[in-house]
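One chain, chain A, links the two complexes that follow: it is found with chain B in the first and with chain C in the second.
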Partner chain A sequence: MAAAILSVLAALAAYPVVGTGYGVRSVQQIFMWIALAGSWNLISGLTGYVSFGHVAFFGAGAYAGAILVASAGWPWPLAALAGGAAAVVLAVVIGYPCLRLKGPYFAIAMLGLNEVLRALVSYFEGLTGGGNGLSLPTLDASVPIYYVMGVLAVVVTAMSWLIVTSRFGLRLMTIREDEVAAEAMGIDTFHHKLAALLLSAVGPGVAGALMARDQGYIEPISVFPLAITVTMIVMALFGGKGTVFGPVLGAAALFVAQEIVWARYPYVHPLLFGAIIVGVVLLMPRGVLGLLQQRYRLPRTI
Partner chain B sequence: MTSKAPTALAVALALAVGGVMPATAQGPIRIGASLSLTGTYAKLGKNQHEGYQLCEKEVNGKGGLLGRKVQFVVYDDQSMPATAVRLYEKLITEDMVDAIMGPYSSPVTEAAVNVTEKYKKVMVAPLAATTSIFKKGRKYIFMVISPAEVYLEGLVDMAAKRGLKTVAVVNEDTLFSKAAASGAVELAKKKGMQVVFTEAYPKGNTDFSALLTKIKAANPDVIAAATYFDDAVALTRQMKELNVNPKMYGVTVGGDLPEFYDTLKQNAEYIYGATQWEHTLPYAGNQEWFESYKKEFAHDPSYHSAAGYAGCLVYAEAAKRANSLDADKVREQLLKLEMRTIFGDYKVDADGFQVAHKMVTFQWQKEKKVTVWPDDLSKGKPLFPTPAWTGR
Partner chain C sequence: MNVVVTPAMLGQVIISGILSGALYAMVALGLGLIFGVMRVINIAHGPLLMLGSYTTYFLYAHFGINPLLTVPIAMAVLFVVGVLLQRGLVFRVVDAPELSSLLLTFGISIMLVNLAQLAFTSDLRAVEYITGSWLVGGLAFSKPRMIAFVFAAAVTALSFLVLKFTRLGKAIRATSQSREVAMVCGVDVGRIHMLTFGFASALAAAGGALLAVIVAIQPEMGGVWTFKSFLVIVLGGAGNYPGALVGGLLLGLVEQVASLFLTTQLSEVVAYVLLVLVLLVRPSGLLGGRQT
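Presenting the complex of A and B:
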């Protein structure tokens, strides 16, 4: 298993030497989706608290990073870390009140948070450019960003593995199965949920800042779309929520499928995505990996 | 799993994603573009696509370009800048297209141009109207349509000539509309008019009563609104309800669509609008092009269709004069080129910024759009002043 993972990583590390510009950017996007789907999985897959607004962390990271690069002249790797920090701050602000409650309040608050952020970004024009968007100086850093995004995907996945195999992870899953029972067993559910949310905000924040630097131009409509949240949820569900490698599998498989289908059948794509959601929920609620775990004797912690 | 299988898997994945296709030497000239075929801008992106298709057909009908056929390679960017960036990278590094044409909309162009500049590819961008895109020292991007700043020029100019003194400017808070509004404010000040009120409203706004109450208190001679379609309709309706009666009232995008009159009926009378192109304008071949477009696609073209078509012809002409597809040679020609198409004039300054194309201002008169500005392109006279709502 370890050898398998290492050889995949080695192949990916060598890829920019032989790949085309498009290939490098596409694999970089797969890394980004692994980080996003894996992060969503930390809060929603493990504790069962579904976030419908995880793109808010992505967008906050994108704007924080872009503003620091454009106005303060920070180098982009530092700005990426700051993007992650901004997302964590935002997670505290929203998680502290909302996760004290049980039930659907968190899901609804996250949905609203995204809309509020988009409105705020449009309003504070002096800082964010408002509806004009924010344009960064041209910089060709595709390959360095590829590696940093790759490291981010690895870190998020490794973090998932550490959590799933730890007592902390077991407690989170207890909350998912029965929150009242978890409390009765003495688990401080609020602080566990909050910790999971903070950990799940870092990845999207860093990814957003990296994306902003790579793309060179961001605007409110394109960094806060609901579509990004939906895509990361579908990827995590498809691969297997609550698992370590489910989001990795889902992100890679669906991104490659999308890229092939998009190019040829643009009008079929939204339909197909909807069908995948319905199909996964009805036929394999635990995703591809969950199905494999049921059929074959695979470890629980993959 | 053994350690060999995953390695093979990784290699296969890498190949699937990044397979290199050899470019053939003497096949057709392949022109790549990503367009908004789905998503927010789907309708407009589709018209632009049809403009490209008609240009392809015409160039091939005349024996092709540099002795070769041309062929468009088009992908769907879902109206998303991020997708467009990836697709242009794909067109350039994998499909190895011979030339590039621009996508739809300013935001998408602003993102995609980072890729085309990186690979030093000429991009004629027929549907990007935001000045700032062209004023950042980029070398290979060329503008075709008039910039957003001049959309309301006709309205302000006509008002100034008629001795009107005060103007209120409102706009939707997005890239294009903001630029159109700031252009109107600048121009009004230059013409000695007083800007008595400005306000931006968020995208998707439907309630304009607070804004209109403030305008009514300021009582301007002219209301200039930088709009899209939905807000133009809502604003007009609520002006009637609140009985706001300026002597002139004009909108930007949306006012030129037939749906604008269909929705508002006689309330659209006397309203001014701005457009990049009309099929009635006296450019050579314009009417014939309009007919052949209708025959080909079974619906009327919009200015997006005409701009796409014209932008593609501009590129083809420059390549012909350069007798090459080499980016620097074509660029040199594009900078020198002066050309008139069915879309109007093309000429750019040293930044690739459009300086020759003219916006026209029309007024709805008896269910028809009558071109009233500028004088050399206009068909009729503006009905002035606009009567009160009760008198229409």
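Presenting the complex of A and C:
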């Protein structure tokens, strides 16, 4: 297992040397989706609190990073970290009122969050460029960004593994299974949920800032679309929510399918994503990895 | 921004708030009913409203039917859609963890929005029926909004009468108080779930049909309505269905008053800030501490 993972990582590390520009960009995108789906999984897959607005953290990171690069002249790796920090701040602001409560409040609050941020970005034109968007100084950093995005994907996945195999992760899953029982056992459910949300906001924040640097231009529509949330949810669900490698599997499989097959049918593709969510929830709630775990007696902590 | 608020402006704002509040109340009542009876937050509530708007548009544009007459037709159509959704998909997650029902209805909502996009394209549609305003004592009553208000008030009143006095309404209320006890008393809970979902979808459709003469119709118009309906239920608090009325009017008024002071971009944020404030200050609304 460890050897397999190491050889895959080694191959990916060597890839930019031989790969085409398109290939490198595509693998970088897969890294990004692994980080996004894995992060969504940390809050929603582990605690059962569905986030319908994780793109808000992505967009917040993108704007924080882009503003720091464009206006303050920060180097982009530092700006990427700041993007993660901005997402964490946003997570505190939204998590504090909503996660103190049990029930669907958090899910619905997240549902409206990207619209709110989009409106705020348009309002604070002086800082964000408003609807005109924000251009970053030109810089070809696609290979370094490839590596940083790859590290991000590895960090998010490793963090998932550490959490799932820790007491902290067990407590999160207890909250998912029965929050009242978790409280009765003395778990401080609010702070556990909040911690999970903060951890799950970092990845999207950093990814957003990296994406902003890579594209060189961002606008409200490009960094706050509901489609990004939908995609990460679909990937995590399809691979297997609440598992470590499910989101990795889902991100890689669906990204490849998306590029090869569905790109030709741009209008059917979101419809299909909706159908996958419905199908997975009803037919295989633990996703592909869950099925594999059942069939081949794989360990539960992967 | 310095805004001088005259009494006339305030009166105007209160009127507008009440007019849109009735629509909020009616649509939110549907979301609240589904939650009360099934413990399911139906994320697809807004998209069902959108389908109601398209029903009106379709009947008006292709058959020249008076938009007001399409309200009951849209309600009937969406009642059937709601029943089918419940029978086909949602009934499987009624007893599942909240995560499942949220994700399932989220998936359904994505499918509905994209089906609408395929069927009707993203072009903005409009039903031009009645425009202009009535002027009474210096205050303007927008005609389409007045008509929508009257219809919404009538439909909401009728819904409360049904809930209060009919056997079906009693069975719905009994099921939302305690499913087990209702079952013991001979209520066919599965059937009540199905009818409630249909009924709630019809309420959303009525909202959509009435909105069709007020705003532009497009596939993504519904999303914000799921959110606002939820907010109305939280605002209404106290766990009883009439709370939706209070919540709806409150949201309508707050939004209109805020629009006096804020630019259009920020006025979209008002509902959101309101939700966060309510959750901070008085979270034990309908969904938290409800015991009817």
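Basically, the second predicted complex is superposed on the first by the 297 of 302 C-alpha atoms of A that agree within 3 Å, B and C clash if a C-alpha of one lies under 4 Å from a C-alpha of the other, contacts with A are read in each partner's own complex, and residues count from 1 in each chain.
Just so we're on the same page, contacts are C-beta pairs under 8 Å (C-beta built on N, C-alpha and C of every residue); 3 or more make two chains touch, one makes a residue touch a chain.
None of the values given here were measured: they were computed from a predicted structure.
Contacts of A:Phe52 after superposition on the shared chain: chain C is touched, whereas chain B is not. By the document's definition of touching, both partners, chain B and chain C, reach A:Tyr267. Of the two partner chains placed by the overlay, only chain C lies in contact with A:Ser44; chain B stays clear of it. By the touch criterion defined above, A:Leu282 lies against chain C but remains apart from chain B after alignment on the C-alpha atoms of chain A.
Touch criterion not met for A:Thr243: it reaches neither chain B nor chain C. Contacts of A:Glu115 after superposition: chain C is touched, whereas chain B is not reached. Contacts of A:Leu101 after superposition on the shared chain: chain C is touched, whereas chain B is not. In the superposition on chain A, A:Val8 makes contact with chain B only, not with chain C.
Within the superposed three-chain model, A:Thr157 lies out of touch with both chain B and chain C [touch as defined at top]. With the contact threshold set out at the top, residues 119, 122, 267, 270 of chain A are in contact with chain B in one structure and with chain C in the other. Across the interface of their complex, chain B is touched by residues 1, 3-5, 7-8, 11-12, 15, 18-27, 29-30, 119, 122, 130-133, 135, 138, 140, 211, 215-219, 221-222, 225, 252, 256, 259, 262-263, 266-267, 269-270 of chain A. Within the complex, the chain B residues that touch chain A are 1-3, 5-7, 9-11, 13-14, 16-18, 20, 37-38, 40, 75-76, 78, 80-83, 85-86, 89-90, 92-94, 107, 110-111, 114, 117-119, 132, 136, 138, 172-175, 177-178, 202-203. Those residues of chain A that touch chain C in the complex are listed here as 44, 48-50, 52, 94, 96-98, 100-105, 107-109, 111-113, 115-116, 119-120, 122-123, 176, 226, 230, 233, 237, 267-268, 270-271, 273-278, 281-282, 285.
Residues 41, 43, 89, 92-93, 97-100, 102-104, 106-111, 113-115, 117-118, 223-224, 226-227, 230, 234, 263, 265-266, 268-269, 271-272, 275-276, 279-280, 283, 287-288 of chain C are the ones touching chain A in the complex.
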